[in-house]
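In the two complexes that follow, subunit A is the common piece, with subunit B as its partner first and subunit C second.
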Partner chain A sequence: MLFKYLSAKNEDIPPGSAAIFFGFSAIFWFVVGTGLGSFNAAKLAFPDFVTGTELFAFGHMRQVHVLAVIVGWISMAFAMTMMYMTPALGNTRMWSEKLGLWTALLWNVGLSSALISLWIGITSGREYSDFAWPFDLVILFGVITPLCVNVIMTIAHRRTQGIYITNWFFGACTFMVGIVLLVGNSPEYFHLTGLSEAYLTWWNAHNLLGLWITPVAAAIAYYTIPKLTGNPLYSHRIGHMHFWSIVVFYSTPASHHLMSSPLPEWLKSFASVEGVLILIPAVAFVANILLTMKGKWSMFVENMEVKFSITGVFLAIPLNMQGGFQQTRSINWFIHGTGWIVAHAHLALLGMSTFLEIAAVYFGLQQMLKRKLYSLALANFHYWFVLIGFCTYWISMTIAGLIQGAGKVYEVPYIDVVIAEHPYMIARWIGGTMVFTGNLVWLYNMWMTARVGTLVPDGRYAHELAYER
Partner chain B sequence: MAFKEYRLGAAMVGGALGLSMTITLFMPSFDLRSAVSTKMALEKQLSAGFDIGFGYADPLLLGINRPITVDLETDPKTGAKLDPPIRAYVYKPGVPMPPNIRHPHDLGKGVYDLSESQGQITAVSGSNHTKGTQEGVVFTLALGEFNGEELTYIENASVTKGWTPDATLAAAGDKNTHLISKGKTEFVVQGCWWCHTLLPEQTQDWQAFGAPPYLGDFNGENPTAFGSDRKAPDILHVASRNSSREWMMMHFFNPRLVQVNSIMPRYDYLWGDKDAQGNTIDFDKWRAEYLEYSVGKRTYPPEVPDYAPNSEIRALIDWVLSLK
Partner chain C sequence: MAWKMDNPLYSLSDEQEQQEILKMWGEERMGGLIHPANNRLPFALTFLIALIILTAFMLTMPIWGQRPTAAIYQTHVELMNSPEVQKLATAEEKMKYINTEAYNRAPDNALKGQLERHPIDWYDLQNLAPHIIELQKQTKYPLDNFTVLGDTVVLANFEGNFRADGVRERKQPWWDKGYTIDVFYVSYYCLWMIIMIKRLPHFSKKPVTT
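Entry: the complex of A and B
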């Protein structure tokens, strides 16, 4: 469908082609990722669910789920939003629509092959950087670098005077995540060993969140909320404080992941302090967006994209409160390695950032396709299934984590903790399956939007038109 | 535009990121590089070999080209009885050596000096991580004194004692051979570390499960595979708590045989097709009988088949039992 543009001249490619390609790829990977998550959760609740084959063992499937979601869904949704927000904010075209299309193609091919290799057991054995180093290099130089060049060149060729806060985030974060991937995977290229390797593994894992997932998700909200509500951003100054404090504070607390290891004590203390300072960008972001909503709160009920966005912002509040304090030594001592952390990680990825991205993908696809959403009812179904599924997952895993933490501290025999967790594991599976179901419906809804959605006239936004089915 | 604010901004991003990188990457590297290898680190390095994750020598992570750990009761060259038995690490020709031999700094002060002067480790010829050693080499650990401090160092027993890889393997026999390195590859590939951490936690684990980790304990290890999510107990010192090979066999074949409430997956596929006697393992029959047992129609569960000496599960159990 979009393949014919791969060899076309850049001028002949309609604006938004890359964004559409990225958008549908992202939704597809979201379906795959949450499907795998549901499958894995079933294995944790019922260990004899699918057995007897290496390929469907939990240890082979777990990292495929994680990386399908991070690299497939979240990062491709980011790329999609960058492909339509950056030109819109610079009042210009994408620097190279063709490069964007090629990036999207290489991303899908590279990610598929990387996930298959992981699935059959080719791994570097390092959490969140599990891909073997050739795939790391493809991701870094084949995907992130072209995306970064495209975004930064679009910003450089803008026809506006200033640079809006979202574009500050997009330009800086695509650049910084490249550095993070390059340095974070260096144990593999340069064969670093021992505690240096472990530290760099977690430095990479932490900074993927700190310099890529949470800031870019927040940057999306800086675009969508003013755009949809028609209100100006409450404060550009606070937005910039968010930006700078992310770069300074959120890039440093990596060693809180290894509090029990013999890393230097000064480094662990430094990480704890910096971890609490993350509350500065967190509060700045939440306050800025919620104050932007002033006078338009009815849209939280009426408008699908605002509903998703603001839910994401609300979920950022517990996320950042947990994140700020669970890296202090005393709280870390209680909850490290328990289901609490699993709940927290899903609060960041499936809660805060995913809700913001879903909103941006809904909005962007309608914009780029110039078509109105096929079914508002299905979108509502999607919202409630993802929200209830996520909350079921989050609450059950938080409780399971507190049980595990107490079991650890009071030296309860491990198997008793496993027995106590069993109902929560079932709840986790139900929640994950609800999210998966909602996403399947979403994929159908967006596909039908592209095929039969009502055409939106030029110069109008889809959400400005009365809803019709 | 006269004032190009984005130039200033880009420089500021570079400065802020550079500062954070300096503090979190460059400064800790001084502390990390000063680590002196402990005995535990040397044992882990020599038994694991070069690399456990993806690499040139074993791209599909099948556990080929790995060193073999043996316990020797007799001297492979002279045939004299060794009391107590010595643990030796056999690198056949072509097997890549652990990184510390190629990068002396990884061993740390004293350990490297002793290993070079007393242990003759630099006498190994032609090793790199793709081709491995030319003639093969046998390493052992020995105790020495450096500046008044007692340190464990690496000895090249092929040079100091004349032990060849083949003679050493023959002297040990299959009973005293441990496929620890291949077992760690299995540990990584099967994703055991998604649930079992290898990093005991402060206070509670250090009291109940064994010694806290020291800075030098991890020298040369790659990947460290600490794990982060503990759906199951920490296993850094598991063999000190349970060293029964029979228990491990039952536990890996179907964890519900030894612990009805376990949520660990079955690893019966690591047995392969044939058992120790060369008979084909009938998994369907086993499962049917196990089902009868689990609903109360049988008094005892079916017997777990003996694994073949070259099976993947043997290597995995060898590795688990090396964690003391």
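Entry: the complex of A and C
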């Protein structure tokens, strides 16, 4: 239905169309990404599961899962939130709804082709930037650049005097992630090898998290929590401090991913100190949101979006405590290259970030569709399956990582470590499959919301209406 | 834009600018997201930030940008063939004696600190010793221009000033360490955050909402 607007005049396209397109695409890719994750986890838990076909080998499937989640689910959920929050905060329309729709279309087509190419084995072999360089260029110029232009032009055409903190993050992060992708993929463009390639690969991976995934997720919470609770943001000062300390401290410590490499020692020292200082924006963000909740904590139980958001904020606490300290040399020596890191990466992407995005997608789709959620029971099912599934995954992989670390340090034979880890690999598969199941239910729930959800009158929020179904 | 410097911990903005900002906040329409948002930074948060900065430096101190140079193992090489060491039976005993003796003979705390941070085992020392003895015979570069990486010695990749004989110093400069850069970096951050926060109206001034 949305396709008819691709050739319509911009002013004839209903506001929110691009947000709806991005929202459903994001949920679709979340289902695909977690489905692939569940499949991959099954291969690790049961080594005889689907063997004999090269395409389904773990080496082919792993990076398809990672990039489906990052570029499909997380980044499209970000685009979705930008498409409705940026104009709402500027008291205006999206600068170009049409550009937004075309971006969403190209994003889906580009990502599908890129993932297929990755699946059949066309890869740069560089973690988190596994796509071959033509696809990197499509993502940079066909997806991120138009998104950035649309967001920044909407902010420029706002009808408010100030710029709310969420829009600071949106404008800055869409610009910075373009720079990260351009510089981070330069080893492929210029055939850099060795230490230069390693450093730029991890500079890219680090800053995808630091200047895109974490800050944009936080920016979303700065909108959803005040909007849903009706409480103004506790402090704009702390918001400023969060923003600038992200820019100052998160952009610099990329070499803490390579603490045992022959990079200059001063760079590793610098990065290690900066790594701990990432706790400053983390503390600022968590404090600001939790103080905003004052007097409205009952909504953490009653309201679906607040429940998801605050869970995401709570998960930011262990995430940043781990992130701050695991890169110091003594701790890194123990956990580097183990399942601990896999658990930490999932705490960032599937924990903190995803919970905040799910809340925003729930809220945004109901607002844009002007329809109340089809089933609160299914949404609760979704919440608990994703939360319990994630916790099972995270805890089991953390334990498996500590076993691997001990095995590495005490020189335990590798096969003994594999045997010791086996129960945790099964738990990982169970947890991942629960997340996948929850997401299937979510897709159904949102699809039914679009079709038969109760209409929400203008000027009202879906959660303000009595529950009817 | 004017700055009021008479009471900088209260505010850096003059009265007129404060009134303009308060008026802007009072008139903003962002769906009620920010209206009375002029709260102070909670003391607990300020305390936590100070604690984080302190922790960051304390925790990472052992890796403050120092690589071991061949010069710090000179005493080890001298001692390894001495009768006192030769009569000891195991590698552990030999290294215990050498480490203690080298530490005691170190002329200053800087070298003692380096020896503590860069321990060496008997087998690495045996591999390193011939290189170090060979390097002591040449005059182009002093021994502290060579870096020890595991059991090998390499010319450091620093490019310092030209010496009088036209050869470049290959010694790590005193300032070329992560913590020195970090001290400046964090100081700039703190300074600019204070200026930015103190340019906003004092937290006791609440915007008028209607």
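The rule we apply is simple: the second predicted complex is superposed on the first by the 469 of 469 C-alpha atoms of A that agree within 3 Å, B and C clash if a C-alpha of one lies under 4 Å from a C-alpha of the other, contacts with A are read in each partner's own complex, and residues count from 1 in each chain.
Rule of thumb we're sticking to: contacts are C-beta pairs under 8 Å (C-beta built on N, C-alpha and C of every residue); 3 or more make two chains touch, one makes a residue touch a chain.
Model, not experiment: these values are computed from the prediction.
Counting residues of subunit A touched by each partner, subunit B versus subunit C, the larger count belongs to B.
Applying the stated contact rule after C-alpha superposition, one finds that A:L455 touches neither subunit B nor subunit C. Within the superposed three-chain model, A:V248 lies in touch with subunit B and with subunit C [touch as defined at top].
Judged by the touch definition given at the top, the superposed model places A:Q161 against both subunit B and subunit C. Shared-chain residue A:M321: touches no atom of subunit B or subunit C.
Within the superposed three-chain model, A:L465 lies out of touch with both subunit B and subunit C [touch as defined at top]. In the superposition on chain A, contact is made by A:S272 with subunit C only, not with subunit B. By the document's definition of touching, of the two partners only subunit C reaches A:I280; subunit B does not. In the superposition on chain A, contact of A:L6 is made with neither subunit B nor subunit C. Common to the subunit B-facing and subunit C-facing surfaces of subunit A are residues 161-162, 244, 248, 252, 262, 267, 270. Listed in rising order, the residues of subunit B touching subunit A in the complex are 1, 5-6, 9, 12-13, 16-17, 19-21, 23-25, 27-29, 31-33, 35, 41, 51-54, 59-61, 99, 106, 129, 188-195, 197, 199-205, 208, 212-215, 217-233, 255-256, 259, 261-269, 283. Contact residues of subunit A toward subunit B in the complex are 43-45, 47-48, 51-54, 57-60, 62-63, 121-127, 132-133, 155-156, 161-163, 168, 172, 175-176, 179, 183, 187-188, 191-201, 203, 244, 247-248, 251-252, 254-255, 257-264, 267, 270, 333, 336-338, 341-342, 404, 408-409, 411, 414-415, 418-419, 422, 425. In the complex of the two chains, the subunit C residues touching subunit A come out as 24-25, 27-42, 44-45, 48-49, 52-53, 55-57, 59-60, 62-67, 149, 176-179, 181-182, 185-186, 189, 192-193, 196-197, 200, 203.
Of all the residues in subunit A, the ones that touch subunit C in their complex are 88-89, 91, 160-162, 164, 223, 226-227, 230, 232-238, 240-241, 244-245, 248-249, 252, 262, 265-277, 279-280, 283-284, 287, 291, 324-325, 328-330.
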